Amino acid sequence: MTTSGLAVETRGLTKRFGRHEAVSSLDLDVPTGSVFGFLGPNGSGKTTTIRMLLALAAPTAGTISVLGSEMPSRSADVLPRVGALVEGPGFYPFLSGEANLTRFDAAEPGTSSRTREGRVADALARVGLPAAARKKVGSYSLGMKQRLGIAVALLSPRDLIVLDEPTNGLDPQGTREVRALIRGLNADGTTVLVSSHLLAEIEQLCSHAAIMRTGRLVAQGGLDELRGTTAAFELETPDAERAVGVLARHGLAALVTDDVHVGDGRRVDAALPGDVLSEDLVSALVAADVRVRGVAVRRPSLEECFVELTGEGFDVER
Amino acid sequence: MRPWSDADHSFTCDSEDMNTSVKRWVPFASVPLVAVAAAIAIPLSTNAAQDLPEKTPEELLTFVAQSDVRAFSGEFTQTSDLGLPDLSALGGSGTGATSDDSSIAAAIMELATASHDGRVYVDADNGARLQVLDRLGERDVIATEDDGLWVYDSGEKSAIHITATGDVPDSPTLPPADVPTPSSVAEDLLASLDGTTTVAVGSTATVAGRSAYELLLTPRDDASLVDSITVSIDGETGLPLGLAVTADGSSSPAISVAYTSIDFSTPDADLFSFTPPSGVEVTEKTSPANEHSDPATPEPGTGLPGATTSGSGWTTIVELPAGDASAFEGLDAVTTAVDGGRVLSSSLVNVLFTDDGRVLAGAVSIDALEAAAR
Amino acid sequence: MSNAEVPAADHGRASSTARPRGIGALLLSEFALLFRRRRTWALLSALAAIPVLLAVAVRLSGEGGGPSFVGEIAGNGLFTGFAAITVAVPLFLPLTIGVVAGDSTAGEASLGTLRYLLITPVGRIRLLLVKFAAAALFCLTAALTVMVVGILIGLALFPVGPVTLLSGTQVPVIDAIARALLIAVYVAVSLLGLSAIGLFISTLTDVPVGAMAATVVLSITSQILGSLSQLSAIHPYLFTTHWFGFGDLLRDPISWTSFGENALLQFGYVVVFGSLAMGRFVTRDILS
């Protein structure tokens, strides 16, 4: 759909509030069909960026393209294809969940009133809220509101779904459901942009990610790209010296960690280059009569990457 | 509750934001500007009157005298800007006064300080009616040949019915003459013109959407506070459409009355038949056929009991004898002390309340009043 | 057709050129929103209480007299409606309209629903139009509430007969009721300017209470300015100038002048403040 294959593309996107620069020269690339993790601590400019992507706020400088069209000038054409949950759910507390969805559906131009009831029921079913459909939203828990907010984004079929902190206020079960929902949407071809200040929560979900810090983009790209090519190879064996030799033949500089003893076994650590497969190493070790008691390949988490990139903790306000 | 620092800045705006948002504002901001411009320009443009055939002052006076409008209805506005302090607190708004004298005084006060909208209906064959349209109230003067004169006040819920005494077989005046209208007031004024006044023809004006001549009346006597009186006269029918009195040294009229719309078709005859509604207190009065009383637009110097006049023409001074002073109690707040009394001063009329209770009034300077009081 | 199965590129949505389509649904949704709020009914109930209190007070005291029209209630129940609307016009009606108009976009902003409406995308101008339409509908409902409840309570508690107009003419009951409804329309039109002002103020802030208060304060300020004779030059341009002009509908014949002047003035206010509201709202960053 877009020549660049990007669902969202910003160039030099900047937003200033008075003297405070909330977003600085952001070049964001969200590939079509990806699940894009938009990560950063609270106050790093994620939500401001999302507001600009959705034409809620005008950029101070820079350009935005969403689904191939310029924003905010083409927002009337683009936004119907975008579903979003921004800055927490917002509802009329005196209306039922169903009535709230009906209101938002009616607000969308060109939606047919004949099929409205069906759309609302479908959206409620997808977030698991049919039982509470007729209760006033004022009586909903935060988690229920969050689900209802996702339901709003799902009222019509969308090409891009933007979910700002979708798991906020959800219990672990709800969080799992949201993850499953995102995977399902993505499987249907929808690009999903998920923002979060909890890296671990969505790391396993994303194909791509961008990391923000104080309004600037720290890193972005495919998840493996971000984590770097180097992983840690950890071997537990009583035949430590022999193992070091085998690993050395494969180009790995291994070290025996003397102070870690598991029974008579010892630990051998080595950095695993991207072009060496761990399964090849294991079969080579076994072939060399190294008794392998345990092998682990540890890739760094995004959080560790972040700490490495910025030199500080990720969620400073947590 | 998640902290979100951006929210703190939602009301600030820096210069770069300003530039873009100013541009986007333009189409919307221009609409109010156009609307305000229209509100100013449209009333001005209606003042562009059409040309009328030229007439000399004498021809215009004849034109008015020979005017043969027997039936019309119109809405009018009367404004007063005499430079008086707000007297409404003193005299009420023409309601609530009880004695005849003070109600007349209150009516004068009200006329001098407030603006009025009204309607007149005139049919020389049937009758005449004046409606003073007050806020949530109305005062009516209705005159017919058969039923005399009705004065109705909806606020007071009172009506005065004045019938002619004895037998008046052939009333020389038609009933409409009893009801003051902007036209009749102007006609009376023009009919009473004498050598003390210079008459000139002014520019053409638009009154009530009609092209009108303007007749300019200027006192020859400089001692008068009146600078000029402008009478607008309908270019087609010769009916006076308005009257404006300008005080010395002022550019806008101190008192003006003019139709805002006028219709020369015959008004509905039902308008002239008045039946006092239930719950209304009716006072029956009789009066000699040719005298009339109209509290709606009393003129200073007429109808006041015991009044005497001195001087003549534009500088006439009316003097009320001692004894009425109680009716003007509490005027200290709006009057200023002078030698021998207190003065209520306005751009058009000065009133002197002497310490011995007399009241002198006229369109003359305070000095002239003081001189007359001696 | 089941919506979920329709491909994303074509699921029955009108193209962008046909955007105005569906404003009816939004309008109905806005009206439903207005009248499903308990607050709206509380406001209308408070307005309905005015004629009821008036009528009960007159009934219990059994006295005539009092301000405009109140003195007539005991003699003719229909005057309860006129008296109530006279009492409601300067403060109570502007108060309720201030609440509804001031809340229009600021209320959505404070609930957080504004951003979801805009993402939908409702269209900012479209949203303002329906917000104003809802405020206008509320004006009419509010004025009718006062008048109709007034007439009903008057019918219940007092004798009813031909009504004496300000001009002293008596008209039959049915004629008087028609004029009463006309007065309600007049009063509703009178409040349109204030609604537009409230809408504009509402676009300036995310705090609905502030917008409500500012709107009400403006309506009172305008009335105070209108009572100062020193400011007579600006009186014709105050939106409150013709608020009591509804009395002209109780004359014989009806004077339509004030109705026309009032409508024109209110239209002017709607145009001016409507465009200011649009200018502000279209350029505004929605950060709530």
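Here the chain labels run A, B and C in written order, and each chain numbers its own residues starting at 1.
Everything that follows uses one rule, which is that a residue touches a chain if its C-beta (ideal position, glycine included) is under 8 Å from a C-beta of that chain, and two chains touch if they have at least 3 such contacts.
This is a predicted model, so every value here is computed, not measured.
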item: Mutual neighbours - chains that touch subunit A and subunit B alike; value: C
item: Identifier of the chain whose CA centre is least distant from the whole-structure CA centre; value: C
item: Comparison of A-C and B-C (more C-beta pairs in contact); value: A-C
item: Most distant chain from subunit B by Cα centroid; value: A
item: Subunit A and subunit B, separation of their C-alpha mean positions in angstrom; value: 79
item: Distance from the mean Cα position of subunit C to that of subunit B, given in whole angstrom; value: 35
item: Whole-Å separation of chain centres (CA-atom averages), subunit A against subunit C; value: 48
item: Residues within subunit C bordering two or more other chains; value: 283, 285, 287
item: Per-residue multi-chain contacts in subunit B, two or more chains; value: 6, 10, 21
item: Shared interface positions of subunit A, touching two or more other chains; value: 58, 87-88
item: Subunit C to subunit A touching residues, read off their complex; value: 1-4, 6-8, 11-16, 18-23, 25-26, 28-29, 32-33, 36-38, 111-123, 126-127, 283, 285-287
item: Subunit C-facing residues of subunit A, complex; value: 51, 54-58, 75-77, 79-82, 84, 86-95, 99, 102-104, 106-113, 115, 118-119, 122, 149, 152, 156-159, 189-190
item: Sites on subunit C touched by subunit B in the complex; value: 68-69, 72, 75, 86, 164, 166-170, 206, 229, 232, 237, 244, 247-248, 251-253, 255, 257, 268, 271-276, 278-280, 282-283, 285, 287-288
item: In the complex with subunit C, residue positions of subunit B that touch it; value: 6-7, 10, 21, 24-25, 27-29, 31-32, 35-36, 39, 75, 81, 86, 113, 115, 117, 119, 131, 133-138, 140, 152, 154, 159, 260-261, 268, 271, 274-280
